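Data first, discussion second: the structure below is written as structure tokens.
Order of writing sets the chain letters: A, B, C, D, E and F. Residues in each chain are counted from 1.
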């Protein structure tokens, strides 16, 4: 992987924006992929043709890459340098075809499966939530009993929208019926609000999906709820897929998304949940629904970057260090305690 | 009321934006109003001529309607469909006259009073806070001892601003002297910050208005403070007016308003307060001071929609189900507990 | 059609935003459509799933309706009131299915064909340029030898994009092969810039499409070029379809579009071209590619409104009155000349 | 007047933003005003309570002052330093009362009349176009036969809007009936578009106002039309009021206004018209309808500054030097020609 | 100091925007400064030449002044009027030289030292964080053992960036080596996130700087952490410098800054920390890194104003009254408790 | 150079944004540079520390690269594919040091000189106009009698700003005294407005720089003025440097720049000037002062891309083909003429 540039040449907004300045590798070129010996493969999925609200997430990957160059590999809370654990590369974007979900998802699956096949964790940057279909399919090609943790305001379990099976309301339905995820190995954290139809609740209960409302997070705290969710999802599983819909956050913390959630998670609560889930071990992940044009300050793509970085650090150290949980940083800063 | 369109035709941003796609009815046409047999009458009040800071709230009603079409009638936290309780209609906007507060308020009063007269709850979408004058007058025409709950950063009890009785700093003064609200049946929740003059504090204390600071909300929690405020306001009253100034929220959660409050209520706290107040029963309500042009992501009009939906649900079920309070949703999602 | 509200109630941003406040009619309800006896049927097509650049045009129809309420039916340049010529109604939006172009276009075709069948001119508000496919099909159902005038930076004659026949680069290819427009009855005005591939130029020449570059407009003037284009397109035709891609305008005049054209048409030049084309008679029209979230001032949706209004006036009077051409307004203002 | 700060301290965005860094003087303090011996008095009129479209012009004066500090007193086209001709001061803002047009206009009149009484040219920065009422009244207090040149998309001659005499559609009606301007000493330049009602055209013709359409400007050119307009307006007059509605510009050149004009004047055309009018001599002026929140780049307030600076230069030199007319700058740059 | 204008003339957005409408004084004119007998001197430092991320903080001072005119001198939580404690003046801006940090900082030091020399508290409005170098130098000229409290996401202790000693990553390094602050009299509150390099942690620990992570604030609460930080910093000191980097706030609460912190402090937490620190007594302060162009709603400059006002009130009363701590306001509002 | 991706993978917003998707090469690695055998080397210069107005141009290069991926190599007006003439590569960004102009310019000079040394045309994307100093120095290292054409609103001939020799007002002064450009081989086109000080006019005349005002362009037309300017500049020269300040454009056409020019060049006029200058042959070029955060629609970075593409095409074909001049495109489209 590329050496992090010295500060001399690291003016944070300079240079071509690969994710955190990582080397680029072609994920469709097996030899190149093999040679790169990667541990993490970042892939954008610039897709929003299956979005039922405000479009714009096809610009998400580029905005996230742009924001990422202002982040460093050393993570203060985890007191570790990601480069000590991973060779991180930027695998470019899925070559999508606007309006053709089936073929675009097939290509996404191929790309992400290649990354997993090369022994790396794929980190997919959406794109609308339909893109997760490629992610779960790819993981399912390499695991027998995959689990899934969804952090989201919404169930995303619709069977179809207006007859279409591929829609950003449907990824969990597809994880179950296309990628054979056992519903009992699925947990959803953060459910809230008047955009969830009753039939999705009913379907989820019938299937045995583990459900954790935002209300429960606020009442019991993010950490214990996340611990329960992970335990429930991973029981008997051999691989974990983590998908984060950025709209789970409060609208103020993530304005750059098609359907913001007023009253959603605080950023610190999301970081705690991510820390718990990822420290348990993740094999593939995505962060979706970043719509940069709605967010002139770039708050939302920056949070997407933070999501990736925190998950990678927690996964590497196998311990959560989110703010409010007690961190290595706090221990370091209080030498005498 | 209009049937909610099936998902087939429910692309969320499609169609003429009446409030949540509700049927439209002319509130000045008694026969039409009678025939519609409505339970809730939405009315915009596109007015900002009496605003002392950044204008723009005259665009509030349209932006709120626009955002509303992304919300569904089924409310997850309350596990209920609003259409099972209400026939909701969009009564259009008050025909305001820019610069003429007296006549505009007279028209607003007429419209809202017609809605109440038709047996419905008027839900007024501001506009600046002066528009509440029409609301309180309308309710006073139909109630003997009306109570009022104001959720706001500010007292809004100024006698006049530069000699003008109609100003967005004055609605509570007019509720008392024009609509005969007993000050002891008024509660204000959320007071904070260096924009409240001492004389308004003094006036409010002299009058016996029940005052609850933001500090108290943060210290004691939103729910008990809201319970106290409702109990104090409604003692001996036969009808309740709820007015929500969106600027009571933290500036990050509601940037689209003329005078944002840094350090204001979190959205979840406001939703709790609304749940408590509305579950006690409301007869008329408004949400004011949404200024959409300041908020490219539309976070603030979306919160205005949420305010309406949550209040209607709480009022229908007569129980609060806000996040952090324990909700029907959580009970539904934990079938085994 | 609805009476234009008196100024008393005509605060320009008030009320539910149907197009110019027009009455709403259901275009799928034959009886209602019959009863309405309409002359112009406005229909939104909130679609952008087949866009290869920045999405966001699915919000176009609503933004155009919003802007339209600031326009009056009396047109100063034409010295005529549109209501003296037309019953204008708002037929709502095509019930699109995100990601399913074929079915969405089928529905659009049905809607627009119904409008034509009712004896009215359909005015379709896009949406990306793929939506024109519905328009040309609908007109073709009612005409033997339809002509088409495209005002655009781009040829829009691609056979497919990444294998997809429905894409906003392809509407003219579909007009020819799906709607049987004779290429010799097609004129394109405004071609320019480094986003036009050579193979589209070649295809257009082979087909015999009449081509007018922006260069030619600037050199010879908008009026004579438009006259040539109309003459060429309409020779032997019995109906005219006009499609206006708002990105034909200079980027400064139309920033709210996915692919702005630096150095494109001045607004006055476009208005002249529209005047010439529409005064020759139009049977159906659209204005597409308005992407409102890129344009905080709303300049672009406002121009879309102006496009519709000017075309309707020119078509009604059968004479062009655009600025720079000599107008009825100038004659009126110079009584002594 | 304040010495222009040296470049050392002239970082263009630094310091408290009085207009171009000018000294501040209290226009209600006669002694201070006398002592200042001013030639030009800048005054803001932060008012938009009588606006029928998008509000926000109450922020105009501050935005214009902010932009003004990036302009220098030396004017290249005129090859002159404004300080050689004028003592320019910033007289602050009219102390408006939101919602009370009558009293606000009275105060505006007093302020502007004081400036004229002190022997200076008042330059009023709006605010919506209603504010011109103060300007014309103030000039009428000091002139017997005042003339007026309005550069605007609109007639602004409405008798009333919804019964209100003070509205931004009415300033010319008030110039005639409140300030006794002879209609034959009034010229309007730039009329265009479907927002002008026929009755205003009829009223203007009956009154004998001199009317110049945008069409005529485009056909004949800005300079000859402006020359005709000035000649017509000033015949027999002893003082000239110039009022510039920034919405006369093309929407791309002035997006920051409530009702942008698609297809309006190019900036260079407006500068030519200003040069012709002001070089004939002006006694008072205003520039109105700047609404900065719609214009993130600040293009529109910057054009308002340019309007002021060019008019002052042309008035001082009594010759027009706008681009396209041949300027002193061109003569200076071509020493050998 | 200037009398606060009566509401009659206090339209909040009117007038030239000095800080809260305060009188202006020239800080380089000793006699004028002496005569003004000031207690607080506001000074802008419009500088961002040493910023490694998104620039734009050179517009901070003007935006903060603009926002400040919407704040009143009476502070509700503190139940006190700042004018009863202070003569506040606006000392204008440091005359910076873009690109020349050394000389710009020298001028800043002179300005701020003059203010301190005149017996006043300087309140510096940045500008990027490099500007704090002037502040600490100025205080060091007037104190023997100055202490510093930094509220920030970042250490800001870098020795240099790309060889440059003056950079917004370096102010604490310069406080130590240029202004002789004892590192043991320095506390940093709010440290978090993957933008802090390990070598700054190591340097800070070696030096004995007192470090308080955001994690600790969230775990233990803002008030006790702030109390510890103040106690640690001020032990043995004779003067306190408070520097607030607005990016310590959560990105949603302060989007208008170059490097927003996802998951940072809530505004109410920052207000509590400020209350604790300032009630202990402050001798100089700054608030830096406000970048207004990223924040169309002006949330961030408004928070900068609030920072100043709360600190002045807490310093005057020598007691903290932030929301959540129990305030005078709450006591006033609950007369019977 | 990289093959242009097929449409299949060419969704316009996908992928890492190198300029037009070109291959990346390290310009400081001689071997790599040699091996790449490049004809055009794109280099960003993300610098704005020497800007006296609104900063933000350090984000210019990345925004221009982002916009560039929506442009194709085939240029319709020129009927040529740039890849038939050039191997184009992206050489990344100059490793700038914020606040240190001298060293940053030295590095810029080295990078650009390496590109020229490799036999290629450097195309530098600013950054503020100071960055041109590197460009002219680099060309001077490889040419005996270099000429310069500046297209700009401003002279940019200041000797210093506040004592600093490196400032965006000074690049031409440095071209003369640091890079030995003969002033008589310098032409400036587009001078206008009240931001040009008289002393720069005087200096330019004394030095013999060839000056062409915007007024002259508007009066005589862009093409003949550009022809004169090129002829004057290149007489006796052996290499040409073209520098384009994007603020020469009208503010509506280029809002994303620190100091927009109201009334500046139309985009079509600039394209004509570029065509004339570049078809005469250019050896190095830059386009500077793009400040993307001011321009949500991205109009300005897109114009910067167009500037580069048009210049490269004109230089390759040695003939101008700008709109309004008669183009190959028009000839192609009119086969029968």
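Keep this in mind: a residue touches a chain if its C-beta (ideal position, glycine included) is under 8 Å from a C-beta of that chain, and two chains touch if they have at least 3 such contacts.
These numbers were taken from a predicted model, which means no experiment stands behind them.
Any chain bridging subunit C and subunit E, meaning touching each of them, is among A, B, D, F; the list is complete.
Set against the Cα centre of subunit F, the chain with the most distant centre is B. Comparing the contact residues of subunit E and subunit F by number shows a mostly shared set, over half of all numbers used being common to the two copies.
A turn of 120° superposes the CA atoms of subunit A on those of subunit E, with the angle given to the nearest 5. We define each chain's centre as the mean of its Cα atoms; on that basis subunit D and subunit F are separated by 37 Å. Rounded to whole angstrom units, the spacing between the C-alpha centres of subunit A and subunit D is 55.
In subunit E, the residues that reach two or more other chains under the touch definition are 8-9, 11, 13, 52, 54, 58-59, 97-98, 161-163, 250, 252-253, 255, 266, 293-294, 296. The touch graph of the protein chains shown belongs to none of the named shapes.
Inter-chain contacts, as defined above, occur between A-B, A-C, A-E, A-F, B-C, B-D, B-E, C-D, C-F, D-E, D-F, E-F. Only residues 48-52, 54-56, 58-59, 97-101, 103, 161-164, 166-167, 293-294 of subunit D touch subunit B when the two sit together in their complex.
Residues of subunit A that touch subunit E in their complex: 7-8, 10-13, 70-77, 79, 81, 250, 252-255, 266-268, 270-271, 296-299, 302-303, 306, 309-310, 313, 322-327, 329-330, 332-335.
The touching residues of subunit A, when paired with subunit B in their complex, are 52-54, 161-163, 191-198, 201, 205, 211-216, 218-219, 250-253, 255-256, 259-260, 262-264, 266, 294-296. Taken in their complex, subunit A has these residues touching subunit F: 5, 8-9, 11, 13-18, 24, 44, 46, 58-59, 61-62, 65-66, 90, 92-98, 293, 296.
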